[in-house]
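Heads up, there are several structures right after this.
What follows is chain A paired twice: with chain B in the first complex and chain C in the second.
Take a look at the complex of A and B:
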């Protein structure tokens, strides 16, 4: 096969016809409402012939070049993710009929599309987003199907605009493979390179002549000029490390004064993949659908968790999340930068914030590299072993055998299932619990039985209120088990310290049961239980029984109490801050409100417990459970996928850092 | 500017009906009725909704009147007269949940533009015999007078959001009423940004979504009828817009249906007040 063919300009329609065989639809650049967008094209006539886009921070204007070229416009407003990761994707359909429920995934056939005009930066972006969407335990099936069904015709840039910086991100402007066909546009036609068998199948029947050395030369000169024009605006070497050192830089607050947190940058970004799930139902809540739509870390709601707490209340926090994710923690998660330098976030920012300038202000090339705040990155082999058992799109219907009220606002559902994956859950794992017409909360497993699971649920919102109000015989749909559990085996031969705050005892109970089941294999076992009031204590009878054992030390405390409470009053750390035991021999398991865990970690460190032997489970907005919605990110981690159980050493300075 | 009237403590009325069939009322104060008519716009499901709630007060649809109590009382309109101020306090006490609907009830509405002018002067210009009219010096949102449990924004409110609220009410779930910017809806729909591509001033980045990005989809800038979104950084947007327009032009952008909402009001104040004199001169409408 020759290195390159030549397609005369007048014959571009032949290429379009060849692409359109088998009903494949062509998506390419066209002009709509003052901008180039990607949309369905019937013929090359719809291409933006003779148009160039002048871009600047906060500005995009089309300008006539007076020429005939179709691809001078550089990049369109829309990115190709509109077609590989659509803004709205239906997820499940559910029905309720009395106690019985059905939840089934919705699968849409991926359309057969040809993407014409994909630039080097956009090719890189498609691959980056694909890595992110395929990174979960089973990957996102919708994205994978759409990506696989797309045929890609790349076009090498012949011009640059002022917002381009692909050269700094090592993503362009040259197209060096990775597409089915690769075009370079010259005045008289196109140099066509073939990148795949599918691409060869398209151009083969056209009988194109081999490109002349002169045409190939001109194409090379052209793209070299583009590279020279762009220069190297954001020196990328060491950028991830420099950003790590700048997490507390004062400039974050300065950019937040200008930032509208309007989310435009993230939605035009070709790699941003975050979504939220919405529920729609009929009037009675009997027939419901869930669908996911594009969302953004810039919206306040994105960091919200049950009870309306919010992990990123300030715009400063949200801008830092976006920028550090894109340029630093993306490396930790997916082994590459999350930015390709297409410049969309610069041009389409309504107030013209230029990410290149912000990067230079926050992490200039002369700035020192920061110590790695999170010593073990997920990319370095920390993937949770238990994930292999979970097929994220699979819903298992489980039946409620009984409901045990625990406190005034919490109850334990005893669920029956024969599903092997669920029965094989590890202590500390969680399940997503779906009910028709309600949000799907993540619930940690409070007991793993031979015939099912116990879920202890606090009524913190509408969905959990419905769950705690279920009666025996009702059904729920479960996805899981998800996440990495407690490493109980790491405590074998060591002392065990368990510290629980309120409902935090629920995910710890399987640890307690696992340790007591093989009691001789562990050293001293100490349980420290805290609660808001005596009425908020969980599993009171069981804990009382354990306290009666000679081989376990149990201590309890409540924040406040009436005269009927004869026990201690105060915070949970008071139970062991004066203790005499040697923390260096202990492995600790901690769960409770974030502030309680911070205090506990500090006190345990004081007792000599090694941060690598201190495990805690974090609360974040785990909306998908498999690391594709982006909500639960904490520094480099997806809490749902990489946690929710972490050691304090793993979290490093990500633990207890405000606004992360 | 006068001090605000004291807020009546959010004394919540008792539950009135059963959770399965809540007693609902719709009342209005200073407003055009357009928001409550949105309920009638839910044509396809109107009868089904009516079968699931007990609609005891809705002057646009039934002559049957009720003094309460209400499980949910939808309130349209701003509070513009002393009588209305008394009424809303009374209604709050007989309503388990009180939900304001529309720009007038949630932000004061277009009539709140008069809040920037001398009350007596406005009355004298509007009414031939102002002595017959008893009005407050300012038209203000309901939340300035009583505690409000939820808001449906917009001028008028969105039928989809009203449906969502009603479905959530009867099924017992939390209504999904996003507080994010209009921009997200624009981008999800694939609408080309009118601000960036055409230089049209647009309040979308600081305005709450819910309209479906209606105006930008028709090539117009958002004029903020849903009022400020969460974290509305109006100061930054105003600064950016000031680069190529006068201060009064910038201030005027915020002086629409939700002008009296604090983030928009601050921009109007910072740019020389709302446009026009007591009666704004009608300008050439080239839209």
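Take a look at the complex of A and C:
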């Protein structure tokens, strides 16, 4: 096969016809509402012949070139993710009939599309998004199907605009592969290179002549000129490390004064993949559909959790999250930059924030690269939980055998299931619990039984109110088990310290049961329990029984109490901050509100417990449970996928850092 | 109890542990070991606070009375920790009641006598006031955390 063919300009319609066989629809650039967008094309006539886009921070203007070229516009307003990762995707359809529920995944056939005009940076973006959504531990079947059904016709850039910086991100402007067909547009036609069998199948029947050396040279000269014009505006060497070291840089606050948090940048970004899941239901709530829609880390509610607590309440926090994810923690998670330098976020920012300038201000090439706030890359040091058995849309219907009230607003659901994956859950894992017409909360497993699971749930919102109000015989739909659990095995041969705050005892109960089941294999076992009031204590009888054992030390304390309470009053750390035991031999398991865990970690360190032997479970907005929605990101981690159990050493200074 | 015995009792508490032997002996000479019956009120809120105590065993609840006559336990004092520090403050008025919620043993120090001893012994004062400061700071930290009401509904994981 020759290195390149030549397609005369006048014969571009033949390529379109060849692409359109078997009902394949062609998506390409066209002009709409004063901008170049990607939309369906019937013929090359719809291409933006003779138009160029002049862009600058906060500015996009089409300009006529007076020529005939179709691909001088550089990049379109919209990106290809609109077709590979649509803004709205139905996920499940659920139905309630009395106690019975049915949850079915919705699978739409992926349309056969040909993307014409994909730039080098956009090709990189498609691959980056694929790594995030397809090569991850769970995989997104909708995205995979759409990518598989798409035929890519790349077009090398013949011009650059002032917002381009693909050269700094090593994503362009040359197209070096990765597409089915690769075109370079010249005045008289196109140099066509074939990148796949599918591409060869398209151009083969066209009987194109081999491209002349002159045409190939002109194409090379053209793209080289683009590279020279762009230069290297953002020195990339060491950028991820420099950004990590700049988490407290004062410039974040300066950017926040200009940023409107409008999310334009993430909407036009070709790699941003964050989503939320909404529920649409009939008025009677019996039939419902869940839908995934684009969301943005700039949204105020993106980091919000139960009780209206928000981990990123300030614009400064959200801008830092976006920028550090794109240029730093993306490397930890997916092995590449999350930015391809297309410049859309610069041009379409209504206040003209230029990410290149912000990077240079916050993490200049001369800045030191350390210290790195988190010491371990999840890709290097730890395996995510076994998610192969828990694909995003895999639901298991479980039946409520009984409901045990625990406190005035919490209850334990005893669920029966025969699902092997659920019965194989490990202490510390959680499940997503779906009910028709309600949001799907993550609920930790409070007991793993041979015939099912216990879920201890506090009524904190509409969905959990429904769950705690279920009666025996009702059904729920579960996805899971999800997340990485407690490493109980790491405590074998060592002392065990368990510190629980409030309903944080629920995910710790399986640890307690696992340790007591093999009590001789562990050293001293100490259990410290905190609660709001005496009435808010969980598993009272059970903990009382454990306290009666001679081989376990149990102490509890409440925040507030009336005179009828003769137990301890204060904070949970007072139970052991003056203790005499040697923490260097201990493995600790901690769960509770983050501020309580912060105090506990400080106290445990004071007792000599190694941060690598201190395990805690974090709360974040775990909306999907499998690391694809982006809500629960914390530094290099997706809490749902890489945690929620982490060691303090793994988290480094990401733990309890404001706004992260 | 002999001073030497009381010194060894104090040595087992974090408050007095690691004191120089001479300082601990001096402190022990000022204290007396008391048994407090379950339910006994050791200090009454709003009255003259005469003694500072170090809990050796048992549990003391510090309570505030609320309008309507109900008491609220603010914090409990456990072995090793102190109560009744108002006894060595200028006004000596107890800001909370101290109630034994189980049979309790405490080393009690007369506030006026302790103050005089500290005024006359700079080394002892430096050691004791530092421990008092640690105790106050620890309790302040606890109070701040309690004020945050971390476990209130909707503010907890899961």
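Throughout what follows, the second predicted complex is superposed on the first by the 653 of 660 C-alpha atoms of A that agree within 3 Å, B and C clash if a C-alpha of one lies under 4 Å from a C-alpha of the other, contacts with A are read in each partner's own complex, and residues count from 1 in each chain.
Just so it is clear, contacts are C-beta pairs under 8 Å (C-beta built on N, C-alpha and C of every residue); 3 or more make two chains touch, one makes a residue touch a chain.
These numbers were taken from a predicted model, which means no experiment stands behind them.
Of the two partner chains placed around the shared chain by superposition, neither chain B nor chain C is touched by A:11.
Of the two partner chains placed around the shared chain by superposition, chain C is the only one that A:460 touches, whereas chain B remains out of contact. Of the two partner chains placed around the shared chain by superposition, chain C is the only one that A:443 touches, whereas chain B remains out of contact. Using the contact criterion defined above for the overlaid structures, shared-chain residue A:60 touches chain B, although it does not reach chain C.
When the two structures are aligned on the shared chain, A:241 is found in touch with neither chain B nor chain C. Residue contacts after overlaying the shared chain place A:352 against chain B, while chain C stays out of touching range.
When the two complexes are overlaid on their common chain A, residue A:593 makes contact with chain C while staying clear of chain B. Taken together, the two structures place residues 461 of chain A in contact with chain B in one case and with chain C in the other.
Listing the residues of chain A that touch chain C in their complex gives 306-309, 409, 430, 442-444, 457-461, 501-504, 506-507, 530-532, 536, 557, 559-563, 565-571, 573-574, 577-578, 591-596, 599, 617-619.
Across the interface of their complex, chain A is touched by residues 45, 48-49, 52, 166-168, 170-174, 176, 178-181, 183-184, 187-199, 202, 204-206, 219, 230-231, 233, 235-237, 239-240 of chain B. Within the complex formed with chain B, the chain A residues making contact are 32-35, 37, 58-61, 77-78, 82, 87-88, 257-264, 267-268, 278-279, 281-285, 293-296, 299-301, 315, 347-352, 437-439, 461-463, 465-466. If you check the complex, the residues on chain C that touch chain A are 14, 59, 61, 63, 70-76, 78, 80-81, 101-102, 138, 141-142, 145-146, 148-158.
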